[in-house]
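Several structures are given next for inspection.
Okay, so chain A shows up in both of these, paired with chain B first and chain C after.
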Partner chain A sequence: MPPTPCSLCHSARALVKRPKTGQQVCKDCFFEVFETEVHNTIVDGAGIFKRGERVAIGASGGKDSTVLAHVLCLLNQRYDYGLDLFLLSIDEGITGYRDDSLETVKQNQVEYGLPLKILSYEDLYGWTMDRIVAQVGKRNNCTFCGVFRRQALDRGAAQLSVDHIVTGHNADDIAETVLMNIMRGDVARLSRCTAVTTQSEDTIKRSKPFKYAYEKEIVMYAYFKKLTYFSTECIYAPDAYRGHARVFLKDLEAIRPSAIIDIIHSGESFVLEQSVQKGMKAMQTCLRCGYMSSNDLCKACALLQGLEAGLDRSALRQGQENNLTVPEGHRTIPKFERITSGASTPTTPIALESIEKPLKAIAM
Partner chain B sequence: MSARTEEPELPSNGLGYQPRIPSPKPLGYTSTPGPDTLEIRLEFGGGLHLLFSQQPRHTIHVPRHVPSSSPPKPSDMRYLIRWLKGNLLSEREEMFGEGDGVRPGILVLINDADWELEGELEYELRDRDEVVFISTLHGG
Partner chain C sequence: MAMLDMLLQHGYVGKGDGKTADLTKGEREVLWDRGTVVYVEFAGVTGMEDRMGAMKTLAEEKGLRFVGLRAEEAFDSTLGQKLGRPSASPGGIAVDLSNPSLPLLDLPSASSPASASAPDPLLRLQTLLASLPAPSRPALLAHILSHLLNLAAYSIPNVSHLLLGETSTREAQRVVSGTALGRGWALPLELASATPLLAPNTDSASDPPPTTLDVSAPINPAPAPIPAAPQSITRLKPMKDVTLKEAALYCHLRGIPTVNHRKWTSEAGGGSDARGKGVHTIESLTEAFIAGLDVTHPATVSTINKTGDKLVFNGDSPSLPGPENCCPVCQTPAEPSAQAWKSRTALTSLPGRTKSIESAVPDSTDDHSGSVELAPMLCYSCLTTFTPSSTRKGTDKGQPAYLPQWVAESVRKREVPREEMRAGISGFLLDGE
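Moving on to the complex of A and B:
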């Protein structure tokens, strides 16, 4: 086959077929369109960033967050967003899985010259995923991990006094989540999971600048730019249900690449009826650790209590109501504190593992 | 802790593995170089090397023509993938191949070009072609 010319500059040889548009583009035009599309997602409407904002990039050392760190640094300069960027990594404590990827994040820290903060489950919760899996088994470990990671990112962001967390979720990830929510009957989450930015009262803003970026293009970008990332799979077999959803999605994409965007669009189009929304609980803060929660206890505190009590998977059914006193000898999560630039009076730091802490927290 | 700390910094490759393995020893069956074979350089990224004896890079020699095809059919990507499954893949075939091709979610580049621009399975191999397979299915 004779080389195909680039459909944008008409001079260089096309090296990438874009899944979204079918366009055949050369390397330089590919970089250009990829970066410009991410920029467009960022500035669309009111824009996701504010000048001077401190932004943490949730960095795992994998392809998505590595490309995100690279592209954000570049766009921040090119378009003068005026952002203060940070890398924020979570160490789940999974032997042989995170070691290499955390090394990669440390390398990224040097390459991009961004401050890096690593927060471990061990320090926050007193439990590594290795220990959690040893106790609860391999069936629901991802539920624990997901709840703990979400909170860990928020806590890390609070410690960095960051206003905003960006993650590397790409179009394929979002389409997969839409499918998962449909398959679980969780329609209430559909429009939320497709939003570029989510922020409810009192939570740290989160955004997905790669909402419209196909995984294929992210991988191609990393390959052509020779970026340092690490591909690995968690040793605790990820959620099989999700695995099937992913394979299904890839099969659809192979037949019709627009399937990804179409599914995202479907997710966006679900609008909850008023009555359903009213049924959803109002937010408060966890009485034990101060994290935002729709119950007296946040999910992490409830899960941790189950773990501390030596429960197996049944820890998942740990109640979230009126559980104010921590059972004797149980570990608690350090108080969640949001360090906003002088706005709220900082509370005195509370010693870790104090069982009086939650009582103090209520009294305050 | 990884052993990498003692090793010199190696250039990154954009393929999601640390290029710390010094010189790949020839692995698996490769027919000997000669006028009837094509030399193909392979690289496996995105974690795929785990399926190929943990080696990201391989140089192989495949027959110039598909064996016992008449009239002789030039070896193409379809043949290369079949050859890989029979000769180089060390485990879990379903993680790599599907039907005649590769599993959806695995990207293929031929001499740095997306194989979707090169005719995919019909692409006829040439001596010293470089073929890269990258899985997109592993964690981000």
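Moving on to the complex of A and C:
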């Protein structure tokens, strides 16, 4: 049987079938079409980036952030975006998961020559996810991690004086989130989860350049480009509610591969009725730590208060109104120092992971 | 069946005798003077038992009128005439599903001698279904059902409402499966509990008023042409807050026989399995998923429906869009730039790449130059429904698949006549042109 020619260049032999379109393409065309689609996402409309922006790549050592760092460095050079790129990593303190993946982040730092900043839950909140799960159980612990990570990323970005955070959320993640928010009735999140860039007042912009990139294609890209990454799902993930949406999404994809992008398209089309939009609370700052909040206390402070009080899952129901007195002996989150957008150089030295130590480790 | 029984049981539907209720005796005023059961039979494509006769008997026993249609009649160019709504564009239309731009091919009208060799409507429906990927078939059958119900409603005189028996469980399934099918744009319209129906071949200024219809037989081939006033019909879903289980329990307690499977998601058509779960379509997967999740999270159905209720339509006013403003297949208001969105997010070509040697040689069987393309007219979801599967090898290159009659009419109404084009550029034409 003669080899199938690539559907794009019609000359080279097809080596892969694109999970997104089913087209059979050669390796070079796959790289080009993948990178071009990400570039299109970045420049579409008014564009995600502005020239001269300081951009922190949320790096976990997993496939998404590893490929994101690679592709963003490549496109920044190829299309001259004029960006200053950094790596920002969060250590949630999950034994057997995060400690190994951080080594991959350090390798990424060396490979791409980017400055790296690591923030840990232990340093920031005094709690690791292992301790949190031990206290609250294996259900609902994703709420703690999600809330804590969001604030940690913003704090790390503020310390780096960056204007913008990019994360490796891919099409599968976004489709999963759309389904999950429908199932949970979270209309507030449903209205914004498909936006490629989100920014509330007085917060750092966050963007998802991989919004339309299939997870399978990211893996394929990493495989053919021989990129190294740490591939293990969070050990606490299977019990999460999101797991239901994930299994359903994978089944949908098996029936119709375009279902992932179709869900994203549906999500982009959703508009909430006016009364729901007006009912959403206005943003303010937390009266305890200064982070953005829709109540007197931000969610992170409320959750931390619950943890410090020794509560289990009921820590999730800690009030966020009129509860500003910190019980004696309880830890609090340090004040959030906000760097205003446009400040290109920090006034105080920032403790970044030096590149020498990882270089030496690799040399050994 | 539960809805029908409840409507009659509680006296919402009268017997058409004009009798007024005696309120002093506790009788309830009827909401609708007369009711008509509309039944669409899909046995020709599902292989299930034909229940047309049984449904007609049921309706007559309950003192209701009956209109029975078959799914394949959506491909019958004479259906409009039979129902007293003659079509302005009696000719059919076919599409080349192997070409992503979906070029259309005109077919001779039913009165033309050339139409004698055309396949019958059932074969046209079966051919179209076989040409589509398996996951796309339930969506097409749903559009056929919706269109035939609309057509029947507008053909019956003095109808004010079309009542659908969709339960809350079915609505929750619609929210999730509609999202997965890319129908987010039209979903708020589909979920609305009360919405105005788009009249078939809507062009109120030029369409003739519908004639009356003898509904004592499923189809009256020669209706008496008595003009009736133009209608405006509202679609209602009275069962929106009743779950599937509650409806099933009601029918069980009342001794009402029901058929609970449509078999639109027949697995005989092939298609990819959902990772060994034995389901091949998004609709059946969604049904199973919601049923399973409802066991561990009992508020699932109500939560999903509450989410759906908070969505609003993002386009222009959805009431009575013109043919140029609606998707020819699903007849919902047109979605802007669906094709452009699709091509932007999933590249299928790279600029500057050379064409294959084969494509440089003109292929006479692939010559659709000048033909109208269906793809730009479709909404995102219908475009996905008709997009050829890259793995599908069954579709013959250039072999046309017939489209339902209403699609042909909708497409033709969009076509700009040459005279109108000429009038627009007359100032720029040189003498002799």
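Quick note on the criterion: the second predicted complex is superposed on the first by the 334 of 364 C-alpha atoms of A that agree within 3 Å, B and C clash if a C-alpha of one lies under 4 Å from a C-alpha of the other, contacts with A are read in each partner's own complex, and residues count from 1 in each chain.
Note that contacts are C-beta pairs under 8 Å (C-beta built on N, C-alpha and C of every residue); 3 or more make two chains touch, one makes a residue touch a chain.
Bear in mind that the values here come from a model prediction, so they are computed numbers and not experimental data.
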After aligning the two structures on chain A, examine chain B and chain C and state clash or fit. fit
Name the contact category of A:T4: first (chain B only), second (chain C only), both, or neither. first
Considering only touches as defined above, state whether A:D251 meets chain B (first), chain C (second), both or neither. both
Is A:V196 touching anything from chain B or chain C once the two structures are fitted on A? First, second, both or neither. neither
Going by the contact rule set out at the top, does A:D173 touch chain B (first), chain C (second), both, or neither? first
Touching partner for A:A259 - first (chain B), second (chain C), both, neither: second
First, second, both or neither for A:Y223, with chain B first and chain C second: first
Chain B to chain C: minimum CA distance in the overlay, Å? 5
Contacts of chain A common to chain B and chain C in the A-superposed view 250-251, 254
In the complex of these two chains, what residues of chain C are touching chain A? 133, 135, 175-176, 178-185, 187-188, 271-275, 277, 279-282, 285, 289, 293, 300, 303-304, 306-308, 310-314, 335, 341, 344-350, 353-357, 359, 380-381, 384, 387, 389-391
Going by the contact rule at the top, pick out the chain B residues touching chain A in the complex. 1-2, 4, 11-18, 45-47, 103-105, 107, 109, 112-114, 116-119, 123, 132, 134-140
Which residues, counting only chain A, touch chain C once they are in their complex? 5, 7-11, 20-23, 29, 32-33, 36-37, 40, 44, 178-179, 181-185, 187, 190, 212, 244, 248, 250-252, 254-256, 258-259, 261-274, 276
The residues of chain A that touch chain B in their complex are 1, 3-4, 13-17, 24, 60, 62-65, 99-100, 103-104, 107, 168-170, 172-173, 215-216, 218-220, 222-234, 246-247, 250-251, 253-254
